[in-house]
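Letters A, B, C and D name the chains as they come in the text, with residue numbers starting at 1 for each one.
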Amino acid sequence: MAGNTFGTLFRVTTWGESHGPASGVVIDGCPPGIELTEEIIQQELDRRRPGKGGGASPRQEPDRVEILSGTFRPEGEDCELTTGTPISLIIFNKDAHSKSYDHLQNVFRPGHGDMTYQAKYGIRDHRGGGRASARETAARVAAGAVASQLLRAHNIEVNGYTLALGGVRAEGRDMAAISQNPLFCPDNEAARRMEERINEVRSQGDTLGGIVEICATCPPGLGEPVFDKLDGELARALMSIGAVKGVEIGAGFRVAEMLGSENNDPLSPAGFLGNNSGGILAGISNGEDLVMRVAVKPIPSIPREQQTVNLANEPVTIKVGGRHDISAIPRIVPVCEAMVRLVLADHLLRQLVLVANRTAVSGNASTENG
Amino acid sequence: MAGNTFGTLFRVTTWGESHGPASGVVIDGCPPGIELTEEIIQQELDRRRPGKGGGASPRQEPDRVEILSGTFRPEGEDCELTTGTPISLIIFNKDAHSKSYDHLQNVFRPGHGDMTYQAKYGIRDHRGGGRASARETAARVAAGAVASQLLRAHNIEVNGYTLALGGVRAEGRDMAAISQNPLFCPDNEAARRMEERINEVRSQGDTLGGIVEICATCPPGLGEPVFDKLDGELARALMSIGAVKGVEIGAGFRVAEMLGSENNDPLSPAGFLGNNSGGILAGISNGEDLVMRVAVKPIPSIPREQQTVNLANEPVTIKVGGRHDISAIPRIVPVCEAMVRLVLADHLLRQLVLVANRTAVSGNASTENG
Amino acid sequence: MAGNTFGTLFRVTTWGESHGPASGVVIDGCPPGIELTEEIIQQELDRRRPGKGGGASPRQEPDRVEILSGTFRPEGEDCELTTGTPISLIIFNKDAHSKSYDHLQNVFRPGHGDMTYQAKYGIRDHRGGGRASARETAARVAAGAVASQLLRAHNIEVNGYTLALGGVRAEGRDMAAISQNPLFCPDNEAARRMEERINEVRSQGDTLGGIVEICATCPPGLGEPVFDKLDGELARALMSIGAVKGVEIGAGFRVAEMLGSENNDPLSPAGFLGNNSGGILAGISNGEDLVMRVAVKPIPSIPREQQTVNLANEPVTIKVGGRHDISAIPRIVPVCEAMVRLVLADHLLRQLVLVANRTAVSGNASTENG
Amino acid sequence: MAGNTFGTLFRVTTWGESHGPASGVVIDGCPPGIELTEEIIQQELDRRRPGKGGGASPRQEPDRVEILSGTFRPEGEDCELTTGTPISLIIFNKDAHSKSYDHLQNVFRPGHGDMTYQAKYGIRDHRGGGRASARETAARVAAGAVASQLLRAHNIEVNGYTLALGGVRAEGRDMAAISQNPLFCPDNEAARRMEERINEVRSQGDTLGGIVEICATCPPGLGEPVFDKLDGELARALMSIGAVKGVEIGAGFRVAEMLGSENNDPLSPAGFLGNNSGGILAGISNGEDLVMRVAVKPIPSIPREQQTVNLANEPVTIKVGGRHDISAIPRIVPVCEAMVRLVLADHLLRQLVLVANRTAVSGNASTENG
C-alpha cells in the first residue's frame, strides 16, 4: 500500500496512469527561495522526450509541464521562487491512443506488470500499461528538475550517460560527446555503432538492453548509517525504475575478484587516491565523485509472437505492436539522473540539520562564553 | 539523521557500537500470536558466528540474545508468543578489546567509514569501528529471525549461499551442500578451492571479495508500484550491508547484452517458463522464486602497510592488525538472508491489508445481499 | 519541512494556495475495488460550500472536483472503481480576487499566519492567506469523501454537528435536525438563536467561535498503543484544522472534576454502561461510539480597526475587509468529519493487517494439522 | 501496527511491559556533540518517581537508567557527548509483583485497556497492565531528558505544573512554588487544599482527576503547515499519554464564547499584545510562550467494587487493589513536559533544515558574486 512517495525531507509523490487525463507530482519539503519556473522544468522533460533518435518510437508527446502551486514572485523579484509549500506539477496527456490497447485487456504481456498488477489488485487499467507505464517517469524527471535547482545552490551536479547498448560499450568517458549524439554516449564512435545495432535489431522485431552510468559531485557527509546508507538509497532509487535489473557503486561487481589491497582507496592530504568506493564509505559520501551503474533490460514490448496466458489462465500467443522504442536507453538516462537528484536532495537536507545544529550550538556556546 | 529504522509495518530499529556494553534491536509491528523464543533467534545468530572456518577471525563472541519485551506465555499455551507490542532484543558485548584500537583513534583506515563518520558528525567512537562495525549486523540477524517466524507461517522461505569467493565460482546449485561446508557454498568442490584461496591470501596479508546469491519463495502480489517496488526495496536492504557494492535481480547485469525476445519470460498456464525477471515484474512479485545476487568487497582491514591520513590531514601509513576475517563471506550470508526477510515481512504485511479489505468488503457485500 | 501528508497506510497529500490556479490532493493507499465517482466526492464538497447561510461570505466558489487518476471502469462493471493506484483530485480556482489583497502584502493580519509564515519561510504568497487559507480544507473534504467510501464498506459512519456557536448551546442531540437548519445543529431552536447571534455580531463588525461535536461508529481494536493511540491521532487531525484551539474525547475536560468511580464506564455482557471514555481505552477503540469535541475560534478577519505591524516591524492599523464569514462554523463541520474519516480509514487499514494475519496463520496452521 | 515510534527527525521508539525484565527507549536522530550522562537523565526520572507525596503509591521503583549506546567521551573532553548514532536507554524492572495480578488475568478492569488490547491482539500480558501500564512513560521521560539537552542548547525551556486537582484550582502562577510542594503546583495554598482533597478521597476508596498546564519558550518558525502543525503535534503528543482526555492551546475552549475582536492578539513592534493563541498561529510558533493544558482523568484502579465482564463475557464484579496512586497528578507532569520536549526537539531539527539552507544558499550566492 502507498508506495508512490519518495524521500524523507524532500518528499515526492507521483500519480497518474498512461492513458488518464494527466499525470503529475507533488513535491513537499523543497526549501523556500529557490528559483523555479516551468521553463526550467521543461528543459529536463525535453531531454526525456521520445522521437529524438536512438531507436525511439514516433509517439510525439508534447509533455508540457505546468506549475500549479508552491511558487510565488514577490514584489521586486525578477523570478518566481519556491515558497516552502508543496509544489504541484501537472502534465496533461494529449497523444494517447487507448483504443489500440483494447485487444490487450485480458492478456498478460510477457515482461510487463500486467500479471502482477492483476494478482495484487484484482483490477487494473490495462490501457498503455496504466500506472506501470514508463510514462510515469515523466513526473519523476519533473521532480528531479526541482531537486536539481536545490542541488545547484549547493554545487552538486549529476550527469548520466550511456555506457553500453546492445553489447556495444563506450571506450572512454568523453563528456563533451554526451550532448553530441542522440544516445547520450560519452564516445561518439561507440554511439555510431550502437545506432547500427539498433537498426539491425529493429528489422528483426526485437529490442536491446544496456548500461547507464551516473556520476555526481557530492560533498562529504551525505548519507545515514545502517539502513539509510547513501548507496542503499541510491540503489533503491535506481532499481525503482521499471527497466533496471542491477545497480552497482564504484568498482561494483568487480570487487568480487579483487584483493583488499587492490580495492582499498588510499588517502592522501589531497584526497583519495582512487575511487573504487564510488565516493561512499560506510554509507556516507567521502567527497569523491559518486559513481553508479545500472543494468537496463530490453524493452519487453516486441512485435514477435510470444507465448502467454489470458485472464482465464488459458494459453494464448501475443504480438505487442504499437509505438514502442527499441531500447529504454537513452530515454532512461534523464530518469536515472532524476532519481539520483531526488536521493541527494533528500540527504542534503538531512545533513543540513547537523550542520545547522553544530553552528547554532557552537554559536550559542560562544555567546554564553562571551 | 535517523537512519537506523527499517520498514513501514514490520519496523526494525537497531542500536549499539562495537565496543559499547551491548547492541540490540527493537521490532515494532510484528503481529501477535507468533511463536518466539530466545532459542529460535539464537540459532540464526549462531550461523553468523565467527571462528567457524572460512577465513574467520579468532574473536569468539558468544552473542547470546535475550528477549526483553514483546512475548508472553498465556496460561495453557506451551510456548511464548508475540503479543503485538515491541520486541526488544539485546546482545551484551563480552569479548571486546578496546585498548587494541587506541592507536587508530586519530587515523583514518582506508576502506572504512572512519573518515566519513568524522566528516559527518565531527565526533566518532573509533573503537572497533563504533557504529560502522560489522558487529551491528548481529542485531539485523536477530530481527531477521523474528521475521522468519512470521514468514514461515505464510510459507515463505529465504536461503542465501556463497556463489563466488576470491575468483572461485560455484558451478551448480547443490542445495544440500550448503550445510556441508563452512562457506555455505552450494558446490562442495568449489568450497574446497575457495578455502585454498583463503589460505593463500591469508599468508599474503590480504583479503578477498565474492558474490552471495539469495533465493526466496514468494507468493504473487508483494511489492508496491513506483517507489516501493519489491526489487528496489531488496536492493536498498542488501546495499545497506556495509561490504556490498552491487545488487542484481534475476538475469541482472546480463540483461545489458540480451535481446527482448531472450529476456522475456513466457507465461504458461502452469506458470512462467523462465525466471530472468528474478520473480519480480513491475516491482511486484509474480509467484516465481525471488533471485538476487550481491557483490561483496574484500575486508578493508589488512595487515599490510597502507597510505592514509590522520585527523590533522597529515600523511601517515597504517597496518590494520587485530582479529579480522579474510572475507566477509560466509558471515555475510545470514545477514543477507536477514535483510531479505525484513523486506518480505514488511511487504507481506502491506499486502495483507489488500487481502483483508477484499475479504471484508466482499463479505460485507454478501451480507447486505443475503 | 514536508508537513502536507497525513496517514501511514491511507496517505493523503494536499497542495495549493488560495489564489493559485488550483488546489488538490493525492490519496495513496486506498484499496482497489471501491466505488468512486466525481459525484460522490462533489456531494461532500457541496456541504462545505459557502453562501448557504450561517453567516457565510458571498464568495461563490463552484469547487468542482475532478478525478485525474486512480479509478477505472472495467468492462462489465456499472461504475468506476478505485484501482489501488494514487487517486489525484483537483479543484480549479475560479472566483479569486487577488487584487483585493494587495494592501495586505506587507502587513501582518492579527490572528492569521502572516507573521509566522514570514518568520518560517522568509517569503510568502500573501494573496488570500496563500497556503494558510481555509480554502486548503476543500482538498481535505475531497479526500475525506474517498475515505468515507472505504469506511462505509466496513460499516463505519462519521457525523459532525454544531454543539455551540457564539455562546448559544444545543440542548439535546436531535440528529434529524442536523439537515434541517443551515448550521448543522442538532437542535432547531438553538440554531435559530445562533442565527440571531450571528446577525447581531455581523452588524458589530465582529465574529464568533463555537464548538463542534463529532460522533463515529467504530469497531473495537482500532488504534495503536503508545504514540499512535487513536485519541492522539484524532486530536492531531482535528487540531490541524486552522481554527481549532482545543480537542476533547468523551467526558473531556469534565474528567478533571470527576471521581474514578464516576468516570469509569462499567462493562456488561451487552457492552459498556456509559461512554465517558468516548469509545477509546488505552488508545484503542472499544466498540462504543467515538465522541469528540473541538473548540473553534472566531474568524480572525474582522472589519474593525486592529493594531499590528508591517514587514518592517513598524506599528500600523488594519481593517480586514473582503468576503469573510462570521464564523468558521458551519463550514468547518464537514472538515472535522473529513479529518476523523482520514484517521479512521488509516487505522482501519492498519488493523486489517492483524485481522488478515490471524486468518492466514490460523488457516495455515489448520492446513498443517489437517 | 507499529505505533511505538514518535517523531520524524528526532525519533523515539519505546518498548517494554510493566512486569517484563526491563523497559527502554531508542533515540535516533539526536545530533552529535551534545553533553549526555546517566546523571542528567536520572534527574528527570527522579521527578517522576512515586512515593514522593501527592497521593502516590508506596511502590518504590528505583528506575535507574543506563545508557547502552550513542555517547562517547573523546580524548580531551571532560564529558560524554552524543555521537549522532542511536542512543539506547534501559531501565531494569526490580520491584514488580506479578503474582498480585494473577486474579486479573481473565477480567477486564473498567477504565483500563484490558478489553481493548484483548480485542485488538487476541492475546495480552495482563501483569500490571502490560504494555498499557503507566510504567511505559518512564521511557518517555528518559527520552525527554535527552531532548531537553538539545533544546537547552537552543534556549528552549519547557515547564509543566498542576493547575487543578480534584476540583481545587491554582489561583495564580507562582513559578517558585512549583518546586516547593510535592504536587508541582504554582500556588502553595492550593497545593495544601489539593492534598486535603487527596486524603479525603483516599479514605473513600476513590481517585481524582485534574488539569496540568505546560509552558515553553519557543523561537518563531517551528511547526509545519497543514497536517504537521505545531499545535496538532502537541495535541497528539499529549493525548498519547494514557490518562489525558482533552488538550487545549492558548485560550482553548474559551474561544468558543469569545468574539474575534477579543480573541485576536494584536501585534506591536515589541511583540504580541496578548497570547490567546498560545504562541501558535496557523500551526507555526510566533515567538510567544507556548501554553497548553491537558485534562487528566482519575486513576481507574479503585478498591471499590465495580461491575465488569470476564474473557468469556460473563458479568463479574471486581475490586482493583494493589499499590496505586490517587491521581496521575503529579507524576504525569514530567511526562507532559517530556512529550512537549519531544515535539519541540523534532520540530526544531525540521526548522534547522530551512535555516541551514538559507545560510548555505545565500553564502553560496555571495561567493559567486564576490
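By definition in this document, contacts are C-beta pairs under 8 Å (C-beta built on N, C-alpha and C of every residue); 3 or more make two chains touch, one makes a residue touch a chain.
Worth saying up front: this structure is predicted, and the values here are computed from it rather than measured.
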Selected pair, greater C-beta contact count between A-C and B-C: A-C
Longest centre-to-centre distance from subunit B, chain (CA-based): C
Subunit A-subunit C separation of Cα centroids, rounded to whole Å: 37
Cα-centroid distance, subunit A relative to subunit B, in whole angstrom: 26
Gap in Å, rounded to a whole number, between the CA centres of subunit C and subunit B: 43
Overlap residues in subunit B, where contacts from two or more other chains coincide: 1-5, 8-9, 14, 31-33, 84-85, 120-122, 131, 225, 349-350, 353-354, 358
Of all residues in subunit C, those that touch subunit B in their complex: 8-9, 31-34, 84-85, 150, 153-155, 225, 349-350, 352-361, 364-365
Footprint of subunit B on subunit A - complex, ascending: 1-6, 14, 108, 110-113, 115-117, 119-122, 131-132, 136, 164, 166-167, 201, 206-211, 220-221, 223-229, 231-240, 242, 245-269, 273, 277-278, 280-287, 295-302, 304, 306-309, 313-315, 350-351, 353-354, 358
Interface residues, subunit D side, partner subunit B - complex: 1-5, 8-11, 13-17, 20-24, 26, 28-29, 31-33, 66, 68-70, 72, 74-75, 81, 83-88, 90, 105, 120-125, 130-131, 349
